[in-house]
Amino acid sequence: MSEDATGLVLRDVHAGYGGQPILHGVSMTLRKGERKVVIGPNGSGKSTLMKTAVGLLRPLSGQILLNGQDVTALRASERARRGLTYVPQEANVFRNMSVLENLRIGHEFIAPRGGLAFAGRLEEVLRLFPEIRPKLGTTAGHLSGGQRQMVAMAAALMPDPTVLALDEPSAGLSPRNAELLFEIIHRIADSGVTLLLIEQNTRLGLGAADNGVVLVAGQVRLAAPTADILANENIRRLYLGGA
Amino acid sequence: MTAYLIATLTLVAITAITGLALNLQWGMGGLVNFGLFGFYMLGAYICGLLTVQGVPPLASLVGAMCSVALLSALVSLITVRLSEDYLAIVTLGFAECLRLFISYEEWLTRGTLGIAGIERPFQGLVPAQLADTALLAFTLIAVALVYGALQALAFSPFGRLVRATREDPAVVEALGKSVLTVRFKVFAVGGAILGLAGSLHAFYYTYIDPTQFSPIITAYAFMAVVIGGRGSNRGVLISTFTLILVLEGSRFLVDWVPHLGSSELAAIRLILVGAGLVLLLIIKPDGFGKEPRSAEAEIRSFTST
Amino acid sequence: MPVIGPSRRVFVAASFLVASAFGLSNSSQANEEPIRIGILAPFTGTGGPYGKEIEEAARAAAVVINDAGGVLGRKLELVAADDESVPTSGVAAARKLIDVDKVVAISGVWSSAVVLAVKPIAVEKGVALTTVGSADEITQGENKGLVWRFQTNGKDWGAAFAKAMAKDGIKTASIMVLQTPFTLSTIEPFRKAFTEAGGTVLDQVAFNPNQPSYRVEVERIFSKEPDAVFVAAYVNELSAIAKETFRSGYDSTIYAYSNAADSNGKFVQNVGKEVAEGIVHTQHVPIAKSTAYSRYLKQVNKPEGTVATYGGQVFDQIVMLALAMEKAKSTNALDFGREFPGLVNADAPSIGEPAEALKAIREGKSFRYSGAASDFRFAPNGDQTNLTYGHFRIENGVSKLVGEIR
Amino acid sequence: MLQLLLNGAVTGLLLSLPALALSLSFSVLRFANYAIGSYLTCGAYLVYLFNVLFGWPLWIAASVGALGLATLVVAIDYLAYRPLRKRSGVTLLVASMGVAIALENLVRLFAGNSPRSFDVAVARPLRFGGLRLNYEQLTILITVLTALVLVWIIFRLTRLGRAMRAVADNPDLAAVRGISRGQVVASVWIISGVLTAIAGVLVGLDANIEPQMGWNYLLPVFTAAILGGIASPMAAVAGALTIGIAEELATLVMPPHYRMIVAFLIMATLLLVRPWGLFGTRWVTR
């Protein structure tokens, strides 16, 4: 636990692929227990931001702190062990393995040995996701999109992370299923996890968070409480499609 | 020594033509043809068989190019449904079966005994001492023609279509072009070039038998393309030269290290060849050349995933 | 930019190669320099097991000749090259030997396919080619007296097997043959001779070199329980087949080439005495009784009684080349090549010791060389004739000569 | 007929270990390791060294040899493949050709070309009615089945197995789930090394130990792995059995030297009908 009790901090992060930067100096702070959503148009660098934050992409410059410690040089697997878990946008479950195995893998390589026992965590997580209890033996690849998303989140929650990062959870889901999923995200958030969310569906996204960040062309255009963002005429016009 | 250099250069030129063919099929088209040596062998055999039947060498060469192009195009039909790795093994298996067929069907191919006394082009017109030089000139002209044709093709709209098919066949289909037709043509043109390379092989050795054709020919072609920089024809030319230089140059090892037995030296030579190949891949990641119309970023993102 | 680095490196390497090659060719022009003979042998690939034996024998012969004062006052120098048992590599290596090392002869050459590929170049460049390859085609065509075979041809050897079987009272036989020019060349003559002698050939299968397993072939051939099976293959395939036969519980007698079934004792060492027991092999002789052969064995430190057929043959090649050059007083192969028949066909006392033979030539004495591998004579086309074949049986791990076949 | 089936099944089992090793490394590293044949050769020679030169019993020699080969394989990965890991599968394939050439000749340099055998007496077969089963076949049968069961247990029931399957399934997700790819890659190489060394011993018992032994197995092994669906390791075993039995039965209708053509035709037809392999699930390239 660090003194300022921050969950995740990005300081002036530049990142991109093949030497071509996509993020041009992004900074943001995610306090402990905070729920933050990143919105922005297509190609604004949301996914790049997420990949850099969780460690799948090494930044060209800048610094990333997790619970007060510098994790810039750490790989995704090491950041996960320090309490940052992640649900990617697509391919977010191990398709050829059963749901139970997915949950077990979510737990066993991250949770500190001698920490919370698997069975206990499983019960807690299944209490959050009662829908997947009957599916434990099913191969994950055979589930529907919404169920898969739930399994992915459940797996990410298994090690009891301090920060949970969700990359576009509603992608590919029907509006009805997306609504249902966000109900669950509310449930998760209420359990006290620090949440970093990227969402294409700004209305759902902003609805689930306390604070929002608007990313445009790889730079933070606006960082404010979600209520202020929703009240901002320009942002509404530009990104919320008049909703 | 001059004679040795001439012979080695001829070998470089033939290998270069093979490399160029693979660079079209795999480098540009993304079709992993591991059975390359089979088509090459077929070219050599058709050319050789026609020549010993009394067909003039140049006509035999054209015949070999056409037949290999046709067969190669037929093989392309299976590519529709196969992904990269599977295409590799199917073409490899095809080539191995072809070699078995040639080894056993003596009535047609003279089996393992091989075909001797293959006539070279312009054999009667050139004095015997200059025969090797003439063949080298002929082979170099062939390299120049193939290189010119492939460069033209690479910069043509069809070349772009081929690269697009490699990158994303689905998009090409969506644009209303037939992926199969593109692959059919790529295999046919590549096959014709391999037929040419095989024929030149037959002319160079004047004797062919099934043991001359093995997956090592495919391996050399892949080495040439990978070292040369996938997609770059110029890179292939440079890398074949380097490759044959290493392979042939290592024969001189015997003269420099006289105190080891020849068996040991032969083994050391091949160890160095293998290790050198790996080293070259590590220290020269992008090869010697670049693909035309620098689709680099695109290519890199493709190859890194 | 990326092109400059490598091409400069290529250039440097190329000039290095050229320079070193010129260095070699210049030095070989001076007259007191040694006479070079190329040893083209399979040090890797299918023929790999025989490469070392071939080189050692050639080196042994060169030492014997050089100790006797060399040829025309010059030393013999051997340059070895690996043909990888593959014709294409063989041609590349042969070109290097001829054009760079300026050899007057290429010796050894084990694989018939390599010989057939190298022959056009040797004939064109006027370099002698002595081989242990056995395919009939090697000595056919216009060879300008340059190509000499130190091995029986396939036809005679095949017939010798039929005769050996007849002597052993074999009534039915089957054939397992490796698909190579040499092995195939012994099959038809064997069939013909065996059927003419009243035997029946039950079945024949061909197999490919380097098969992972020979179980299918063994099953097919031996399950018909012929009296004998002629296995026309080299030591690797024969070893696998013999083991397979034994542990499959079959009892037909295996007949094989001596260079496979004895191969310097390696066969027995490899498969064990029990499996090798009773296997019959034939090879042209005298091998065991020849002065030249004893000289060879002594030179390579092998015990008396070792059957190293290729070694003996290659030993003869180098000795014959030396004698021919000495007699023709020339290192031009077109001149000394013609001397080959005269050296062994003369109606004169036999000499088996190379040093004595050299001395006899210098003194102008009439003699004939009696070889290490056999007391051969040469036909004008380059084939050896007048061969006697030894009929060996492996008993308790040792090859016993049980008879001779002419 | 029964004899043919038995022989075919044993041949198939012999193929299945290297095929399993090949598809295991493929599933995690996404490249077809052409050097698998020379690994097999190296394994056999290592065991030969301990068995014949040191005079250890075969099973001890085999265990030590298997560990030795596993170490070698990991070292090769470190030296040759790891610097190329970011590159395309075909680049790695070409690199593995280089490794194959170098290794085979390293063996040649130290051991020469002559065929060799383990220090094990060859025995006459067991007979069950008309059916013959020789001791090598029995050894192959027992060893391979045991190895397969062990691999299955590791795969299905252990933490390591789950990690390997996870990386094979989705490497990025595995990374964010805390699985260290480096460790998984090393474990995969170790298991492949052990399996290949065992296969080397069995091939050496079945035929000869010679520098080309692994090379001779390369094409059937690749065919078997692909037949099963190259990215699904346990299916490679089924692919291997199919190849073994099909080739054996093919000799009933055609000359034995053409039996490879049968294997090829089966594979080609199958791939046209089921492009993702016999038992594999659809697997997307790239």
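When the chains are written out, they are named A, B, C and D in that same order, and each has its own residue count from 1.
Heads up, the rule we're going with is that a contact is a pair of C-beta atoms (placed from the backbone, for glycine too) under 8 Å apart; a residue touches a chain by one contact, two chains touch by 3 or more.
Fair warning: this is a prediction, and the values are worked out from it, not measured in the lab.
Chain centres computed from CA atoms place A at the largest separation from subunit B.
Ranking C-D and B-D by contacting C-beta pairs places B-D first.
Between subunit C and subunit D the centroid-to-centroid distance comes to 37 Å (mean Cα coordinates, whole Å).
Subunit B and subunit D have Cα centroids separated by 30 Å.
Each chain gets a centre from the mean of its Cα atoms; for subunit A and subunit D, those two points are 41 Å apart. Note on chain placement: the centre of subunit A and the centre of subunit C lie 74 Å apart, centres being C-alpha means.
Each of residues 100, 104, 263, 266-267, 269-270 in subunit B touches at least two other chains.
Counting partners per residue, subunit D has 105, 108, 112-113, 255, 257 as the residues that reach two or more other chains.
Not a single residue position of subunit A touches two or more of the other chains. Taken together, the subunit B residues at the contact with subunit C in this complex read 1-5, 7-8, 11, 100, 103-104, 111-114, 116-117, 128, 131, 205-207, 209, 211-212, 214, 234, 238, 241-242, 245, 248-249, 251-252, 254-256, 261-263, 265-267, 269-270, 284, 286, 288-290. Looking at the complex, you find that subunit D touches subunit C at residues 3-4, 7, 11, 14, 105, 108, 112-117, 121-125, 127, 132, 134-136, 203, 206-208, 210-212, 215-217, 220, 247-248, 251, 255-257, 259. Per the touch definition, subunit A reaches subunit D in the complex via residues 54-56, 75-77, 80-81, 85-86, 88, 91-97, 101, 104-106, 108-110, 141, 155, 159. Partner subunit A is touched in their complex by these residues of subunit D: 159, 162-163, 165-166, 169-170, 172-181, 281.
Residue ranges on subunit C touching subunit B, taken from their complex, read 2-3, 6-7, 10, 13-14, 17-18, 20-22, 24-25, 39, 41, 43-44, 48, 51-52, 55, 79-82, 84-88, 91-93, 95-96, 98-101, 111, 113, 116-117, 119-120, 124-125, 135, 137, 141, 179-181, 184, 206, 208.
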